[in-house]
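Letters A, B, C and D mark the chains as written, and numbering starts fresh at 1 in each.
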Amino acid sequence: MKEEGKHKKAKKYGMVINLDECTGCGACMVACMAENNVPFKEDESNKLDSIAWMRVYKLTNGKPYPEAEICYLPRPCMHCEGEHGHAPCVSVCPATATDYNHETGIVSQIYTRCFGCRYCMVACPYHARYFNWWDPVWPEESTKYLSPNVSPRMRGVVEKCSFCFHRYQLAMDKAYLEGRTVLEEDEYQTSCAQACPAGAITFGDLNNPEHKVHQLAKPDNKHGGRPGNPNVFRLLERLGTNPKVYYMSSREWVRQAGDNYINNEDLAKNYRH
Amino acid sequence: MKIGRRSFLSFVIGGAAGTAITPLPWKLMDDSSIWSQNWPWTPVPPDGEYSQSNSVCTLCPGGCGITVRKVDDRVVKIEGMKGHPVNDGGLCLMGLSGLQLLYGPTRVKTPLKRVGKRGEGKWEKISWDEAISEVAKKLADIRSNGGSHTVGSIVDSENGTVPNLFKRFLTTYGSPNFMTMPSIQDSYAMTLQVMQGVSAQVGFDAENADFILSFGSGIIDGWGSPVRMFKANSAWKANGKKVVQIEPRLSNTAAKSDKWIPINPGTEAALALGLANVIITNSLDSKKISQSSGFDSFKKLVQNEYGTEKVSKITGINSATIVSLAKNFARASKPLAICGKGQGSIPGSLNEFMAVHALNALVGNINKEGGVWAVTDTKYINWPKPEMDSIAENGIQKERIDGAGSEYPHTKSLLNRLAEVINSGDGSLEALFVSGANPLYSMPDSKAIKNAFDNIPFIVSFSSYMDETASNADLILPNHVYLERYEDVPTPAGLSKPIVGLTRPVVKPQFNTKHVGDVVMLIAKALGGGIADAFPWESYEACLKETLGVKWDILVEKGFEFNGDKCILEGDFNFYPDAMKSLSDFSSVSIEGSAISYPLILIPYDTIRLANGYIGDPPFAIKAVEDTVLKGKNSCVEINPKTGKELGLTEGRYASLLTPRGKAKVRVHLYEGIMPGIVALPRGLGHTAYDKYLAGKGCNFNELIGSTEDPVSGLDEAWGIRARLTKV
Amino acid sequence: MDSALIPEGVKRCSFGKFAIGIILVGGVLLWGVYAMLLIWLKGLNQTNMNDFYGFAIWIWADLGVIALGGGAFFTGFLRYVIGKDELKNIINCAVLIGFICYSSALLILAIDVGQPLRSWFIFWHANVHSMLTEVAFCLSCYFAVLIIEYIPLILENRQINKVPFLHNLAHNMHEVMVIFAATGAFLSFFHQGSLGGTPAVLYGRPFSFREGVFIWPWTFFLFTWSAAAYGPCFTLFVTRLIEKITKKKLVKQNVIDLLAKISGWTMGTYVIAKIIDTWYWATVTAPARGFNLIDFYSNNPFYGIWILIVEIVVCGIVPALILLTPKGRNNSTLLFTAVSLACIGVLLNRWVMVLQVMAIPVMTFETWVMYIPSWQEVATTVLPVAYGIILVMISFRYLPIFPQERELNP
Amino acid sequence: MSTQDDKAKEVSADGVAGPIILFFILGLAASLVFGWIIFPKLLYSQKKQPIDFNHVLHVEAVEEGCESCHFFREDGSFSGIPKLAQCVDCHEDAQGEDPNEVKFVEEYVANGREVPWLVYARQPDCVFFSHAAHVKKAEMDCGTCHGHIGESEHSRVYEENRITGYSRDIWGKNISGLKKHTWERMKMDDCAECHTTKEIKTDVETLPWPINWLPRPYEKQTGNKARVKTVKEACFVCHK
């Protein structure tokens, strides 16, 4: 009973990214960097050590010219729920520097608690977690544009997308002042969703039937949030990470690229039982 | 002795035991960890009062509305302005990283005077008074020696108050050499001129079209007003509208289109005429438009010369595809054909533009909903005609150095010819102003441009950034960046409804810079006489206020304003102007280089993540560039795996790219999305100036290509160049 | 020069020779220390780790030395708890190796974390769900136990032992050692297991993920068991090595034989369990996540199926069979081959469970990532080896590590 | 350690135990003195506020108590220490003879320079503290965290931890870390004290008049009680 009541109340912020509309322009990446004081260094072309909370991947269908197709896939932190909040990265952190918030469904990362063991990075199959290998250095004048809402990270800690949680905090502050405790859908939007020039990113409460994300993804909470919309999929659904970022594509090969399948496997049967 | 040692030990042990029960070790342990949590070299952004202000982004001709988020007097974020007619909340990655241009290390912080050799990077800081009197003195000398027509200026476009101040200045000074950076807008304007007899800008009612046929235009790669096109693209997707992309490479636009049709590059005009043939032959053309003049000649041309089989051979597209494409296009209720490759920085072949425009006319979408509109300039600049003295009168009668208006009577500016004219000694410039442009980087055949600039004794840059042109100037008079200044923003590229926007200072100028408009006026005033009298305004801001008149208040409040309804110019459509006659034996727009020594064809490609105009990529944007585009210090070229196999080149290999104009060391990226035999290189890399986050990364496409004059317009029509790729 | 410190009745090389040895190895040690300081001062950018390779050579070395150091707890367990009395003749060596391995592991961890000054957060803000927390707690506790086990050994130095109090203390400590040995065995069981759990709980990584019993994945038990099997092999390996270098017989063959036999049995059972685990993983666990076994071993320049064969057959079944046959145990060369193979096998297993896990792309649109350690990483990994060699040299020279030495070398 | 201790006992028969115990006690005493008295003095540097501020005087002069100067902005953010512009509303020119006011007007108002106040309660950059949540939603008094600062007539000395750079108020005056009042320490555990233990009911009945009279659609809909209780799963509540 109690569990049920709790469930009703809990929000589950998530995203639906329409891959048909995503143009791969990279605005989400930069909007995120600018919003979250993400540092940069002289050479960022080695993507193995380039911090990008939001990273846009380029997918190909593997066919030769001229049948080749490409699709872009923006990848923020998936804010996995796993089973009951046991996100792959959260349960492994030895110092409780990251947690799963049951009230919002957001996976946090506390930079000042993190001591840099990087176990969470190993645990995350999405490569959504980034380590500060270098001291973040801003050119002299450039520190002026740093936002006070997100603390700059120091060398030696892990960081990742927070679904712009500070925007939630600021919106809540305003709500409190106005005597409210509930936010409207547009009061809390992530920087990437707001910036996307193609309008491909939708953000909101997956548990709220009035929110657009819920209507698009039709998540089935009884079955680990599985999407009810046949064009919607999640990355690595079969691992049971229960991510809160849903992708939408009308193309079969794109949907299949979201997960691993062994040859001749009956896809539908295997994980939609 | 023994006791001493034991006593000491005992003292130490007592001390250790005692210390353990004092706060000392525990507090130190805690504090040292806290110290590691806020190392003094990690910045702590100060909090303060939040505020927002609206403005317009001018980093590209897109004209997006922006909302700037501030904390006290610091700008901390730039976002798209909700409800703005161009971008309604969205913003591209360049616009989003604008703060790095405002506060970035690439800014020129005070007027600089060259002390070393040109381009050596040795500067002396000077005051504004010194700087202005230096320019004025130089110009006064040139003028008194009868050389007023040898002073020129290069600005980004001809629209808006700032370019017009330059123009006015040159006019009253006595020079016709007002030059602008080339773009497809020039070709489109000329097409409208030639085929419709109107002097107008082109506008696309893209949002309302339902079948978009793009001849290589990078709809989502930065063509037109980028964010507006992104939005249109999403709307097409949502409403099931069709997009067909024709180009030899699977660009992002091609990837997002409903159908990608690879074509032999340079043969787009032939395809357009081939499609016209199918449409006319099947009587799918708009009956009303076929009454237009020249239709019969046009019909004859396409039916005789552009039969489907022949076009198929020229373009490499199979006949069935051509026929079905033509039929689908003609049968759509609001079809729209567009051209201008990539982001549209190369004007291109006028024949191609005319052929595509004819295609639009055939399906009757000129000045119709979802079609191509000829829109008037926003004529809000109505300054009184200046008084001209005799030197000025004389000077402006002289021929322009680039031959625009004389050799090519319809063309306004031909910057692409400047280098050759100067280098061949056919003309010379004594002084050059460059504002809002970086020709040394972004004009094709950079080497020739550099040589030409070396022959100009006095170059003044008004750049806010240490770009390639500024670093090769004699004097830099840094402008405020767009977040620090007022300026009108004329109708964004390709917009069907003319609007005017206002960019305004959201922060105080961060450095010792001055508005370029003010500087031009100050120079004019220092020169005195009629030149000074032509600028009666107290300051640029006063000039702008007066110019905009009643619009000023609205612009200050809203940030943008529509420019009336009567903006469409009709004109009489002519299907077969003289200029089109050369199409009778057309197969491909010419390309430089011999096929024997250069077996491959090099084409540029544009991506929205790389800026290739006046502004270089700020750090955030360059960070967003994929590692298949830029790897370490090298650009990656895209080649088909088949081509790779023939050349023995594998993924990631270093290779040497050679063209008749230059060479570069590149890395290979094998890509199934490109036609075999073609090499594609991204534009926007290979800067040598700006800051360390941009300089020295990759190679500049413009160093590898030359410019080819379009026989009709004189504009640059080069779409590629022959090339060789070898292992290193 | 230092003859007064050398145990009575044994011969040691000249001090000069010893000093040269120490200096040579000390040079390597200093190189490692230099690299370590570089890493502490400049940060982990000195390594070749990256966002895809969050764990690298160090964590492998960590898991490796802890597995090899497993001889300490298992021999202790056999000697004190089970009562295999003969093993008293090799227990000192096992304890010494254990001490070296565990102190090395802790040192490596201190280098490996991004914020060493905050590493105590693992205790203060412990997350009980994390395998690493369990590892940290058990590792520190067990290290304390090892210190306690090592102290009496130091106290047996000829000079120290002259002090009556210390002599008595050593004696008394030996008496109660059974308690520590039992505690050590218990702690070891858990942290070896937790280390096994470390990769196996990563359900986002189908290569390392294992299902399990209650809260423990199978590798929890596999790691413990493998440490029990392979740890004593390392003890034997080091003993043999010291024997070879000093050209002396130090432990009687029956002791060696007993330990080798027990090791053989544990290894044999381990290999069987490992095969079952691998089979279940390859046919049930991985396919359920969309992976064929061969997916984990193809499309990359290094990690081929050979790795599985070497680990299970060459370094598992083969040494187990040798150790299980009296002939194999009694043949010096065969025995040495077997223990060497065993050591390689367990190191390979740990490598695979740490490094290969990260090399494998999980998202379909990613590719394998290869990694080569930087010199700083190599130096810091060699550092504990050098330190270990020095400690062995000193301990062997001044402490009665091998009780049978005098008897065997009259 | 214990071995030495035992050893000391053992050799006491020899008559050397005396000095050994003495030295042990000496060592113990010295370290205690150092750790408890000298160390805190060394750890903190003392800084004076630029202007000696009289809260009492100001509270008397204003109408809305603390919120007259420390107010909420419309966007829900809290203004914190007043900016110069705010002070200038009253202190365009010196109103009295007080040397502090004169100094303030001459040095800061005249030059348009902000006063570099040292903020006793300044939390580290990683901490997100919502005044709105505490003051508006939970209706807590300023004093719960800030103590009786409103009743101070002088600005006390600001003590800064030399290692961390924080105000001493975060750790608390007492070097042992113990406190008597809620406002005496502002470490994370002190926040957690409230956040993990108190289940504060904001059911309609429990709220003071007139709030209990107002309709509260959210709680009604969901039957939820607002909670302070943030267990371990709520790092982001207070961190940024």
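Just so we're on the same page, a residue touches a chain if its C-beta (ideal position, glycine included) is under 8 Å from a C-beta of that chain, and two chains touch if they have at least 3 such contacts.
Keep in mind that what you see is a predicted model, and the values were worked out from it rather than measured.
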Result of counting contacting C-beta pairs for B-C and A-B, higher pair: A-B
Nearest-to-centre chain - CA centroid comparison: A
Mean-CA-position distance for chain B and chain A (Å): 33
Distance between the centres, which are taken as Cα means, of chain D and chain C, whole angstrom: 49
Chain centre separation (chain B, chain C; CA means) in Å: 62
Averaged-CA centre spacing for the pair chain D and chain B, given as whole angstrom: 54
Shared interface positions of chain C, touching two or more other chains: 115, 118, 121
Touching two or more other chains - residue numbers and ranges from chain B: 32, 35-38, 44-45, 47
Of all residues in chain A, the ones touching two or more other chains: 46, 50, 58, 60, 96-97, 111-113, 135, 151-152, 154-156
Touching residues on chain C, where the partner in the complex is chain B: 115, 117-118, 120-121
Parts of chain B lying in touch with chain D, wherever the complex brings them together: 2-3, 6-19, 21-24, 27-28, 31-32, 34-35, 37-38, 40, 44-45, 47, 49-50
Of all residues in chain C, those that touch chain A in their complex: 43-45, 49-55, 112-116, 118-119, 121-122, 124-127, 129-133, 136, 198-199, 201-206, 287-292, 295, 357-358, 362-366, 369
List of chain A residues in touch with chain D within their complex: 5, 8-9, 85, 96-104, 106, 108-113, 149-152, 162, 165-166, 169-182
For the chain D and chain A complex, residues of the former touching the latter: 72, 74-77, 124-126, 128, 130-133, 136-137, 214, 218-219, 222-224, 226, 232-237, 239-240
